[in-house]
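Chain naming follows the written order as A, B, C and D, and within any one chain the residues start at number 1.
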Amino acid sequence: MEIRFSTGIWVFGAGVERFAPTGYKPARPIVELIKEAGRVEGLQGLEFHYPTEVNEENVKQVKDALSTANLKAVAIAPVLSQEAQWARGALSALDESTRRRAVERCKKAIDIARELGAEILIIWPGREGFDFPFTTDYRKLWNNYVSSIKEVAEYGPEIKVALEYKIEDPSSYLLHGSAARALTTILELRMQGIKNVGINVEFAHAKLAKEYVPEAIVLISRYNALYHLHLNDIFTEVDLDLFPASVHLLEFAELLYWLKETNYSGWFGLDLFPRYLDAAEMVRQSIENVRAIYRALESIGWERIRKVIDSNNPIEAQKLIRELLR
Amino acid sequence: MEIRFSTGIWVFGAGVERFAPTGYKPARPIVELIKEAGRVEGLQGLEFHYPTEVNEENVKQVKDALSTANLKAVAIAPVLSQEAQWARGALSALDESTRRRAVERCKKAIDIARELGAEILIIWPGREGFDFPFTTDYRKLWNNYVSSIKEVAEYGPEIKVALEYKIEDPSSYLLHGSAARALTTILELRMQGIKNVGINVEFAHAKLAKEYVPEAIVLISRYNALYHLHLNDIFTEVDLDLFPASVHLLEFAELLYWLKETNYSGWFGLDLFPRYLDAAEMVRQSIENVRAIYRALESIGWERIRKVIDSNNPIEAQKLIRELLR
Amino acid sequence: MEIRFSTGIWVFGAGVERFAPTGYKPARPIVELIKEAGRVEGLQGLEFHYPTEVNEENVKQVKDALSTANLKAVAIAPVLSQEAQWARGALSALDESTRRRAVERCKKAIDIARELGAEILIIWPGREGFDFPFTTDYRKLWNNYVSSIKEVAEYGPEIKVALEYKIEDPSSYLLHGSAARALTTILELRMQGIKNVGINVEFAHAKLAKEYVPEAIVLISRYNALYHLHLNDIFTEVDLDLFPASVHLLEFAELLYWLKETNYSGWFGLDLFPRYLDAAEMVRQSIENVRAIYRALESIGWERIRKVIDSNNPIEAQKLIRELLR
Amino acid sequence: MEIRFSTGIWVFGAGVERFAPTGYKPARPIVELIKEAGRVEGLQGLEFHYPTEVNEENVKQVKDALSTANLKAVAIAPVLSQEAQWARGALSALDESTRRRAVERCKKAIDIARELGAEILIIWPGREGFDFPFTTDYRKLWNNYVSSIKEVAEYGPEIKVALEYKIEDPSSYLLHGSAARALTTILELRMQGIKNVGINVEFAHAKLAKEYVPEAIVLISRYNALYHLHLNDIFTEVDLDLFPASVHLLEFAELLYWLKETNYSGWFGLDLFPRYLDAAEMVRQSIENVRAIYRALESIGWERIRKVIDSNNPIEAQKLIRELLR
């Protein structure tokens, strides 16, 4: 399996949050961030938010900077959550003019993706849900949401529309809270002939949904719907985008096995939130973590691992786990 | 909305568990249990496990007892978890002879359902999953599981096969852990022409899956897949089958609203674990809890509630919540 | 029980967060915010962050504005989390100069509290913990943290130092994650003669710690350590500071009962995050929610409730719950 | 650090549970179980329930069997949960005669401990709590519970009374749900001169309480209260007593480091639930898992690990994690 790493350009940004309203670092021009990303050994691709990071104004500049840095544009993520205008929903908004604005933003993001040669449109549905009991007509919410995704997917039939499910946050409760919830929409749209909607699995989000990620990957690939990965980790239940495998080491090991076994050929995206850490260093260490686990598996041997798994024997699995250790 | 209550005959049983290996109460003959159930005001139907509660030997006896007690047979649940033989899976078992036995059991349960006039076959997939990392070929597990469900559904095309999802327990991790995971199987089978597989929502299981049950009901009914309900409640994260609404009072209120709004016409099953409580009394109080909430909603007025929800305004929702109070 | 409501002046602020980097509303001068708070019927007190909301420069102005608005200063909360300088800890910081700065900030906050006549210093230890495995000497962390609290408490022996525990966020894992963790520190300090450290229970934080708040209140009051309340609610596991009782209606009812039963005489603080809602309206509705539940309990009668609880009978409890409904 | 392994004799038992009411294996005489345990390489001690596994009748027989098998009696755990009589509480029971019976059982268990030379009395408070809202006077519950523990501790001042906290199950909500909750009782009793009450940390229970076990160990050892360990693991939120480190590999590594660093000198108890696995083999593999991690840490070098932790640098921690891998 070829492992190609990408990361979000936002990883190199200021890091504004509720608990650091002015950010952890100064804001810097996008071209400078791309240049810095280009210096990270092993990093081959970048992902962007539209329009906050890339937009009609700076797209040429970004394209040139990517070319100079020898980086590929991998994915465009329209901003559908991180602005006050989406506080009550975007693609699922019960307010029709808001919903139209959200759909239009996605279409423009697809235009940008085409211009940059990015194959993936990431939809992170952080506001597609609700906040309180007794406030929402869930039927309309689902109808609006699925219609919007359909319209976006039809606008860019050659683009992979990747749903990045998350159970909650910033809204209290999200429609696409788990891999399987996203799959219901994907299967519904397939029955209507729409074939370019799939999933971006963010490791931490999968954990919040109580998924065991290796199994979730297999379920998604059962429907040929694994379009992208956002690797990171989570310690408790707050989504801090930590180094991949810095907590769930063993789960990452089995995840890599199953990505190989299911012939995953997409990117290994890294979605990180460095806060007080140096962004480039955090990306570097993340790449090293993934590579080190992969090397350990490789040195055990894929056939050996397959045999243990096929034995369906927890005793054999313990031996295998111990072989992972130095 | 007509509210017809059923309950599991097991509710009247001994209550053996890990922490009470000899049960909380003496075991009693099934006919006696049915007679006791018949005395609970408002109870109209019963559900049975096959073959531990109803089977080829006693089915006539059970039928007669039901008739005498003026109770309907609502659902049959084949035992696929509560025996050591299913410790490594039943319908999904990687061991083919085990899997065959599980499928055959379901078919026999369908035969019994036919004999009793029960319309629902409940599949509670408590062993359809795995216990440990690095022990399981998840692809085979899913393949086996979906094939088995298909075979069972085809055997009884006039029977509603209701998947009672649960996230874990007794196995560590279950394939059908959430409503949406069950829906992926349901949609996959629909694409193959199988139309009689749906869902039995157990309230407590939905909470373990981090679902907001009113919304989950709407999602399921989007696919016309809500076949049955198991109402109860959960206090923390241990599945103790408490009185419905004894903890999640407000959520039950919104649940009843949406059941009415989506024209649910099935049974209101009660799945309870009385332990030290009198079973009949627990069923009675459970019925009263549901009725009391329904009456409160009715007295507020469905149109008024609909208006509040349509307003999509959390302020209005607060006023509504206060109206629920005496 | 006299119910006096206070709220944080931050509730009226702009609401900057990770997903709304420029806030949901324009920033406004503190005096204007106080004036607005003064117009909320039933609100009698305010709480402030030091130095972002009240500080040496504006304290006189704030005092005058409070007096004009007929509001009492209830609590001062030194900012120990919401700035990048505390990213690696404040009162527990392993970096000694950072820790000194944090202690000094608390002392200055006490000076301000004295000037305003506020009796409570709220310590919200959102950075007193760690983010990753294998990065932290937990012994030093605890030592530093307890020493700092001790020093702060000794500086203001007449001030109630109220620890507002939270399990995580913004740091991954917090030392004072639960009521009982705060209690260990409180009891340790009592053995050393420090008697003015207690707890501020924030409802949502207690839920994140898997506490049943009515019981937690009783445990805390067993040690006479309940100094303050931050009432709000939580829907899933993201801390959004919703209207009190908008989700956990029944738990609020039992909470009010036990606050009365344990003779709680402190303030009913409201910690809310209005986002897209009008702040004043959200405070108003929150007060109404609490009052409505209290009235319902009162109309059932305290003696009746006490009798049900004393009966230790879940059947009787179901009847009581139904009496709460209209 | 010397690592001495013990396990519960129940691990070799039949394994009755709610989902296997007749158990996974045939019941066998206690002497036979001890003999089998004696054949497990590396196992040096055993733990027993009183009176179901050891009692006044068979204590001599057990003593002889232990001696023959060259095993030490490590701990006695009075049965306070796993019988219907404790359904509404044991040491905290609101029914005084039940509470007296529970206290007496503990005293008799201490007598047995003395006879067998076991130093630890394990109190697993699985019923010391409640099941429902509005049913319980929490003040009385706490009073009863702490009084009972005090009486038991005074009866055996040379015995280590080890509280095995758990957040829930079999009761819905338990008073000693976390390490810190147990610590509040321990500190309260210390103020009254009782010095022989401490904690038995069960790994899975700590995870249910959202604890990071390495940190919890340090908090407990801050109060010299770490009396015993029950090592195992947990996959989701169902307490299945899996092989230690079969899921939380990295956390076990840091746990072993901190046990060494805090000079833990007690036993490494293994609390396992083999279900369909061979008990002896499960114990063997569990011992191997712990040893393998310890060897990996040792080969990295304690000084090196200490340096990384002291650096308080997540980047260095990533390097260390990778060194754990082969």
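Everything below uses one rule, namely that a residue touches a chain if its C-beta (ideal position, glycine included) is under 8 Å from a C-beta of that chain, and two chains touch if they have at least 3 such contacts.
Note that the coordinates shown come from a computational prediction; the quantities given were computed from them, not determined experimentally.
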item: Repeated interface matching A-D, over half of the contact pairs identical, chosen among B-C, A-C or C-D; value: B-C
item: Chain pair with the higher count of C-beta pairs in contact (B-D, A-B); value: A-B
item: Chain B-chain C separation of Cα centroids, rounded to whole Å; value: 40
item: Between chain B and chain D, centroid-to-centroid distance (C-alpha), Å; value: 35
item: For chain C, residues that touch 2 or more chains besides their own; value: 88, 131-133, 167, 173, 210, 212, 235-236, 243, 246-247, 250, 314, 317, 321
item: In the complex, chain C residues that touch chain A; value: 16-24, 81-84, 87-88, 126, 131-133, 167-170, 172-173, 208, 235-238, 240, 242-243, 246-247, 275-276
item: Chain C partner contacts - residues on chain B that touch it in the complex; value: 210, 212, 235-236, 243, 245-250, 277, 281-282, 285, 288-289, 292-293, 295-296, 299-300, 314-315, 317-319, 321-326
item: Chain B residues touching chain A - in the complex, by the definition given at the top; value: 88, 94, 130-139, 142, 167, 173, 175, 177-178, 180-181, 183-184, 187-188, 191, 209-210, 212, 214-215, 218-219, 222-223, 250-251, 253-254, 258, 262, 305, 308-310, 312-314, 316-317, 320-321
